[in-house]
Amino acid sequence: MPRLSYRRALTRALADEMARDESVVVLGEDIRVAAANVTTGLLKKFGPERVRDTPLSEQAFTSFATGAALAGARPVVEFQIPSLLFLVFEQIVNHAHKFPLMTGGQCAVPVTYVVPGSGSRTGWAGQHSDHPYALFAHVGVTTVVPATPADAYGLLVSAIRCDDPVVVFAPAGALDLRADVTDLTPVPLGRGIVRRPGADVTVVAVGHLVHDALAVAEELAGQASVEVFDPRTLYPFDWDGLFESVSRTGRLVVVDDGNRSCGIAGEIIATVVERVRLAAPPRRVTRPDGAVLPFAPALDRAVQPGRDQLTAAIQLTLKDG
Amino acid sequence: MTGSDPLRLYRTVRLIRRFEERAIELVRAGQIVGGIHPYLGQEGIAAGVCAALDREDLVTGTHRGHGHVLAKGADPARMLAELCGRVTGLNRGRGGSMHAADFGVGVLGANAIVGAAGAILTGAVWERRRRGADIVGVTFFGDGAVNEGMLLEAFNLAALWRVPVLFVCENNGYATTMPVEGAVAGTIAGRAAAFGMPAVAVDGQDPEAVREVTAAAVARMRAGGGPELVEARTYRFDAHHTFEHQVRLDYRPPEEVAEGRSRDPVDIAGARLDPAVRAEVDAAVEAELDAAVEYALAGPHPDPATALDHLYASGLTARTGGG
Amino acid sequence: MPRLSYRRALTRALADEMARDESVVVLGEDIRVAAANVTTGLLKKFGPERVRDTPLSEQAFTSFATGAALAGARPVVEFQIPSLLFLVFEQIVNHAHKFPLMTGGQCAVPVTYVVPGSGSRTGWAGQHSDHPYALFAHVGVTTVVPATPADAYGLLVSAIRCDDPVVVFAPAGALDLRADVTDLTPVPLGRGIVRRPGADVTVVAVGHLVHDALAVAEELAGQASVEVFDPRTLYPFDWDGLFESVSRTGRLVVVDDGNRSCGIAGEIIATVVERVRLAAPPRRVTRPDGAVLPFAPALDRAVQPGRDQLTAAIQLTLKDG
Amino acid sequence: MTGSDPLRLYRTVRLIRRFEERAIELVRAGQIVGGIHPYLGQEGIAAGVCAALDREDLVTGTHRGHGHVLAKGADPARMLAELCGRVTGLNRGRGGSMHAADFGVGVLGANAIVGAAGAILTGAVWERRRRGADIVGVTFFGDGAVNEGMLLEAFNLAALWRVPVLFVCENNGYATTMPVEGAVAGTIAGRAAAFGMPAVAVDGQDPEAVREVTAAAVARMRAGGGPELVEARTYRFDAHHTFEHQVRLDYRPPEEVAEGRSRDPVDIAGARLDPAVRAEVDAAVEAELDAAVEYALAGPHPDPATALDHLYASGLTARTGGG
């Protein structure tokens, strides 16, 4: 198989699902010409009825997708900026998410929201650099953050096929990755994967940080055997998979590009300590509380979790206990 | 649907009127928890609009939504059971007054968020038509909703993509306690014009007049026309919400209320019938509602163990909240 | 001093601050006639220029408040429903919160957002019953949830005086409380309080649940000595105060009316276990993951954390370890 | 402010033009990270509008905001230092291109979220006037922004409360790659009319014409009038964003681009000056920008340890993210 980029994996997932299922339609800004370089070629293949370039009316087109879903479609909505999810928070959380329960099961809302380029894009500053996946994990909307091209493909496919709303964050830090992908296949939602087996400590890493965690694990290989667990889906979380890992290693470090307070790292730590006796206090490396990414590149970097911080956290955890 | 049918129109208006009055009694009796936003006085709009629709046409309602759901054809008994929170309700007791829905008759739901439903309905109509159904849709909203950006975005989207949606503004003069002049700069019709949508005002107290403008708009839409707006001028006879029955809020002059109540859609539609026929309808409605109340109150309360049923359509089960 | 209701405490705080400081203005729907029974009397006292009844344009009036704050005002914005915070999430999180950092310190945005009646109002169903305080703790907007009339007064006063945006959740479950208030005085943001001293376990309870926790502690008095800690402010959290308590008791149970995943209870557990060695695994009682409150009262109640659940969690925690 | 002043207008237009061209060079040189949205071709609007304002008047800009900030009087050197992320920048390097602000000259900031600034500006103008300042405000936005509900809500609020805000729509025909006809149902002026706001269209390539309509609107507003809208028709000469310099997106026919570029505000304003005077201005602008570049590149990069400075105005310090 040829090398596949993360972006093209997203494109392939969209194209394959659109070809497979007439009910899949794509909505978003500038998707006609694929300004975000994800919807490339779709207009030509599937026509303007199924590839709908929208006005700058995020609230309306997000709700439009909800309505289309109620009537049988499986819309995919592309957002150009992660913070646009703030703008449509109401439409996703108070409507799309709530319709099935509120109607007593009369309907489903199978919409997929895709953010190609979540997190810092370096130089895009405060309003374009958020990584708000924990917000969706809190409200209970299925939330995936693929780390690799194969997962980008497989999780997006599963998101589209899922009968509930799903938010897919494609981190800016992963978008340019390429990999040999031998098998393009759906990846089940809610199932994590051990990216690197280890015996001494489990490092849970989210999205693009999986690659940082793997690099740090390699660097530390002489000192310790580090297991890297990639949850892939943040909600619903693969607790059983993680418990299995942590029960073996007895130590836990989480690295996550979201804000610290009420983030996914905190959730992971809380759920683990409720169920598993650890040999040492768990640690997390995150963005600071309330982080706003400053423009200047050095400041932008300083606010994101770094490899040095992760290395230090792992080493401290190994010493403790 | 078909042409003028004074009997059917009266029946619907009367049904909604008496349904609401009985619902208020059930609020007072503690059977409907949380109260309701009574549709009293505005019945002519839902009745007139829905008389011009087919069963397959789609509708979204509002927080003041009982009339829309009933006029579109939902079973009053299951509707009342819903308000009483019973498993026999339209939404199995999960929705209540503000979320009552009946997808079987094209009601995608009342909606508790002002201005939110317009774009949802637009998407639903678009998708059904993409699948070949020759349907149209109606989204009801109040005069307060025309100040919500999300609704104005929906105007644009529907007009731009020529989705046959009738935007029906029920202008009852107030958003809760805020008079329309205190909230709306410009005019409601002007908001349609802004997006190139035709708009027409109609006397919302006259169900036949409402039916006529709706039928004309629907005919244009079925013939390939884009969305339109109808401003139905009306008056809310009772409280914004039944909580006002306990707490008096002072915002409508008594003379205005008296004058508003003087044009009653029940009387206007009823006057078009032979008094004997009218009495027959009244009796039939009463009987239907007697049965509905009985049905509603006989329905079982849902089992707390099922509280999270239907949370996820995919079958995902949520972690519970216990320690 | 007379008995003061929670609602009137909010009213008093508004009136006192408006009298003290001309820059305080109040905005919201139906506040003229005090439909939410909080802004009672303000129009008469302070006039329509400072008590601005708004059209149903939450996004605009929230941003209007941001702008007014940039120009020197201290606006208080009342929201009729907790989920309206979803609708203005963008305006609060992406603008009000970010302006100071993004401008390099050129400005402050001292806006207070008040939700009188957050959480379940029993019978208001799915779209009116949210308790989304953890969302604001995640993004880093100061978040307070007063449990008592005195705190409702004191925290709202401090929120108004704070130079940053503050969200004040006044839980529906606390609004009708009355108490003898001897002293109406500001309560500092970011400082919790031990509501009931105890030796065996620390129960952290949020908002109206403080009263449930106190009742449960009383009930269990024969079996165990339960300390009840009321954080009052969820962000910034009084970690030192909590560490002090948990260090003494060695056990932790959190009860919180928010959703479980990435909620404040998880954050509390994570931060405590990072710093304090507990004698037993911590526990939490919350809403379920992704909770949507069903309409029927018995279902509505079933989704909220209950005293039985709290009692069970405390007992299990005491047995463990 | 004052009446016609062709020299000043030309100077501003020319300054913005050359500022942008130098900024693009600095993007290419890797000194401005993240790129910019060039204002090239639209300079006449910012220049004309701001020539009709006083220093105390308030302005908000857009993602394509350099022109607005400069025209309102910010120091080009500190502006450029901001784009280069230096502590000597307007925002101490924290804001960059899309958030550049200078409260000292009434610029409450460029804004990276389309349609978001209108209501903010409205609130700021309202509060300053409440404090007795006889100011007005201008909020710039693009043709794409008129489809954002939040901006339409701001139209209503400003009109309803008669806040003297000039809504200046820079209609450059595209929102990123989306042509205005593909996104706007109805008309832009119609969106103002919907809220009872007067609207006027003006040739945005002619700074003097822009200045005139602005001055007239500002005079009406200072005399107690409510908000107004100006639709300035213009053309974007360059990319939506400098990323297009790498990735060609195909959405504007070359003939259209050529035709659009043929009406250049620099030439239009320049033709009103004596060529010798014009050459002098050009030289002065060049000297100012030489100095600005030097200043910008000499400024220190911020210390990573200060990354969270200014996060909270109250002095609250955030927990850091380390383990």
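For clarity, chains are labelled A, B, C and D in written order, and residue numbers in each chain start from 1.
Note that a residue touches a chain if its C-beta (ideal position, glycine included) is under 8 Å from a C-beta of that chain, and two chains touch if they have at least 3 such contacts.
Here the structure is a predicted model, which is why all the values come from computation and not from measurement.
Common neighbours of chain B and chain C under the contact rule above are A, D. Among the other chains, D has the CA centre that is most remote from the centre of chain C. Chain C and chain D have CA centres that are 39 Å apart.
A straight line joining the Cα centres of chain B and chain D is 45 Å long.
Chain A and chain D have CA centres that are 35 Å apart. One finds 29 Å separating the Cα centroids of chain A and chain C.
Contact with two or more other chains is made by residues 54-55, 57, 59-60, 83, 87, 90, 94, 101-102, 125-127, 140, 236, 261, 283-284, 289-292, 294-295 of chain C.
Multi-chain contact residues, meaning those touching two or more other chains, occur in chain D at positions 91, 93-95, 99, 113, 147-150, 153, 156, 160, 182-184, 308, 311-312, 318.
A complete topology is adopted by the chain contact network, contact being made between every pair of chains. If you check the complex, the residues on chain C that touch chain A are 83, 86-87, 89-90, 93-94, 97-98, 101-102, 125-127, 130, 132, 134-135, 137-141, 235-237, 258-259, 261-267, 269-271, 273-275, 277, 281-284, 289-292, 294-295. Put simply, chain A touches chain B in their complex at residues 25, 49, 52, 54-55, 57, 59-73, 75, 90-91, 94-95, 99-110, 140, 142, 162-164, 190, 236.
On the chain B side of its complex with chain C, the touching residues are 32-35, 82, 85-86, 91, 93-99, 111-115, 144-145, 147-150, 175-178, 182-184, 247, 249-251, 301-308, 311-312, 318-323. On chain B, the positions that touch chain A within their shared complex are 58, 89-95, 99, 101-103, 108-109, 113, 116, 118-128, 130-131, 149-150, 153-154, 156-157, 160-161, 308-316, 318.
Against chain D, in their complex, chain A makes its touches with residues 29-30, 32-33, 35, 37, 53-60, 83, 87, 121-128, 253, 260-261, 283-292, 294-299, 301-303, 305, 309-310, 312-313, 316-317.
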